[in-house]
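Just so it is clear, A, B, C and D label the chains in written order, and each chain counts residues from 1 on its own.
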């Protein structure tokens, strides 16, 4: 099986048909689009993939399709997002059946949870399903932060194979990295905008939602960083930072998810990768003016001709 | 079908076997215990019922068992707790199949959501499944508060049949009640400790987790309130407030859920209603000293002989 | 000296001249307006009094003027609002010199503070200045909640003479009241909208900002409650709840303080009590349309002729 | 007057006598200790300087003493920490009189404030006192974050001369820096632990509390960064990150301020710079074991012989 290592592992958008079924041909094209760009792995049913909205059958279908296209050329990580351990374990078992190479799980949410229970949570998931397990630190959704001590303890006892850090806390990321310098533990940054900085601090890889639209940009950034060409990485990052402003196109009342995921999907439509920009209920769809704004960003970033 | 109205509608604990399957005989006994006490409805797979932990099959089994015992003598409300609309709709459809008389749904969580999207969320659930729908306001879990304007708008257009308020915001509850004085809209308080006050402000019913252990207490409180005997209601409430301190028995590192749900279940064991005090992973189980404390509270409240 | 007891103790607005000096004649008229309405005390330099904005000299001038008009007919409570103990003690000493009958202090803010340090804080203030001390629980400003255990401990050792509860947590207020049933400890509710409920739960008094505009309303509510006429109290409360919506008149971008304090002051201008509606920098002033809205609320509440 | 520019500008601790007066000889020695280490400026009455605790007279005395010792060799920045504009303006005027070269002010706190009011706040301070003004972004204390748009707008119109960023949000810091690449605007990081990263992102200077104890370390780090020796800067940073763990010495119930400021002061005592480790009321003093821990950290960092 493709070995999990560092590199660029985009969190795939989930293309939907207008009646909100998984758009399998578009998903296959998106997977190919990423693989051709040279990404090092694929992450499905994460937050960018609308996992919080997708019914179970849709989640598993997405994994199956992407794993099929990837055909073990790169690892396929599956988000197993749910409120607490027994529900997450069910997703983990299903992910194993549907072709996942590794699992990505958050701490429990909705249910109030003590730090000692967070330890139990990850250990039970790991014990239940024999796949590498990454902790997904995303306080904006989970409303708790995984503290570095917890991550280090779970790394030291072999529960966790890595961390996907979407917390924005680079200081904490550095603490994890410096506490476990010699271990076989992988730290991924979920930041689109601080990717170069994260790599310079020692992170092993990137999981940028914007990587759906511009996977080559992140691969260039990663390659520059791997070669120690930090100035070149920063230049690429600066361009990607400008492009990332596309997530703010939604100017009417809507959640930031509606705006960001709508923008990523619309970009993929305009780039000819997927068919429809449809997002899940109850997200607000981008309107015509907002879609024009997406185009403007793509042109400015050099991804489309004016 | 048993008509949803006011009254005492306890949120049932979900008895588990030591290997954490639904303990059906205990659940049947618990249902009978509540019906004999004169409760006016039954609420399954809410927060007290460990819905955040239970796999789907367990959730639906619980509903089926309780609906079977209730046999339409009282309405059975089903919590349909999940992160966003499509996932909640799936639970809602399953709940309809398994015997629910009404649905109880929160706003989306995990996914960031705008107020206009919350409106869409509830409307889509209502449109998808033809059962009375109650909004479940529980900011401690959902991390947003349903504001009174949202509730009133969804009541006015017929989306919501009622509100289960576990927010602790009695001022907001009063605003809802005074804004919709003549409508057929039901407000339930999820508070164990301000039940009398909620009823005096006009709430129609109670959904107290402590009502698992002492349903007769809450029925007496409700009956006193219905008769305008507020002093008697307050006296009953004072006794129940003391008993509610049982949720603090867990003195070691554990979440407040571990302590509270552990205490409710242990009380049911000691009262001879259910077989095991087992709670879901990753909750911490009460130890011997903590279980003795539960007993002390039951004796003080007059529910057990010393 | 006028003895601190229960009753209606409005938190006085601080009238300002157009160049934002204390408007002494208006402040004297406001004090008289409240005393004539039969209030049981006066609270100066609280949040409603813009204490967070007023320089020290203005704070002390306000106290001096109000204490002068009150002439010991009722107690004058002084807010001593500052970030931590040594700064609060300075205000407390000044308040003693300028005529305060009692002090009202929050927990420390701005500086992170542990519960054991909150105990020390109140004890040191009490030790430094020989005036009755009330704790001011206002989490919206202080960003910590005074828990009932802390209040009870400080009541039991004689540090606190009372509590001004602006937290909205009626359950906690009830816990304080039932834990100290026989003590000489005074609980005031800072709620404009749950005053009757607070009194029914056993609170001794009210500190409603809206009492600047309608002190007679709150005195009637209090008198009805004291006579056990709860239905009459609720009717008065319902009228005051409608009037309180006046705090939402500020429809343009502005803080809720700008809207609420602007509305209270504008009401006092329209009622002929004070000269100017001026508020402190950087608050946004109400515009003409918003001032018309204030008038509409006053007419609806029966305080002005149409 | 010494021109404000980049570099290392430590936020001075405020040495106190055992009866909690400003310890002037110790403060003079501390100032000398920092100047000899080659710092580029001095920041008094910030959070590290216990400004939230110090009465006005003590704040101004501190400024006067430090400005006297500095004798215009480096700029002396004065924190003007208070709840809202009129109170901050008073501090700003006093700071001008007592020798400040520049002012550092937060957004309003305690009082709820809208973004448009934050703009007014800084503009009024700037208009009132003719000294360079820096915004102090410290959400842990102020409970709002200064967003990059606000900072950029206030930079563009000449209100702000710079930003002291203690928010930990390196992404936002980068946004400010890239939005104003050519302007004469200074960005200082308040982070002890991400100083090298901040400088690499383009920050102009550092305001590290730990710089009281180890100013030479931060000067070395800054000099390495200025010379583009990023690996050397990172090595120095790694040592300082280990030393910074000293802020966790307080193992008993106490605030993190008690532990951190207690540790900084105890380090200065052990290094022979100041006389007493005394901190303000209501902070908890370090005990003997905790002071031994401080020593252990100093030895490990190479600042003391074992």
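Brief remarks follow.
We take it that a residue touches a chain if its C-beta (ideal position, glycine included) is under 8 Å from a C-beta of that chain, and two chains touch if they have at least 3 such contacts.
Labels paired with UniProt names: A, B, C, D = Dihydrodipicolinate synthase family protein.
The structure presented is a predicted model; accordingly, all values stated were derived computationally and were not measured.
Here the chain-to-chain distance from chain B to chain D, counted in touching steps, is 2.
For the interfaces A-D and A-B, the C-beta contact count is higher for A-B.
Two copies of one chain, chain B and chain C, touch each other, and the residues they use overlap strongly: the shared fraction of interface numbers exceeds half. As a whole-number value, the distance joining the C-alpha centres of chain A and chain C reads 50 Å.
Rounded to whole angstrom, the centroid-to-centroid distance between chain A and chain B, based on C-alpha atoms, equals 35 Å. Within chain D, no positions touching two or more other chains are listed. Interchain contacts (touch definition given at top) occur between A-B, A-D, B-C, C-D.
Interface of chain A with chain B (complex): residues 20, 47, 52-56, 58, 81, 83-87, 90, 108-121, 124, 140-143, 253-258, 280-284.
For chain B in complex with chain C, the residues that touch the partner chain are 168-171, 174-175, 178, 191, 193-194, 197, 200-201, 230, 238, 241.
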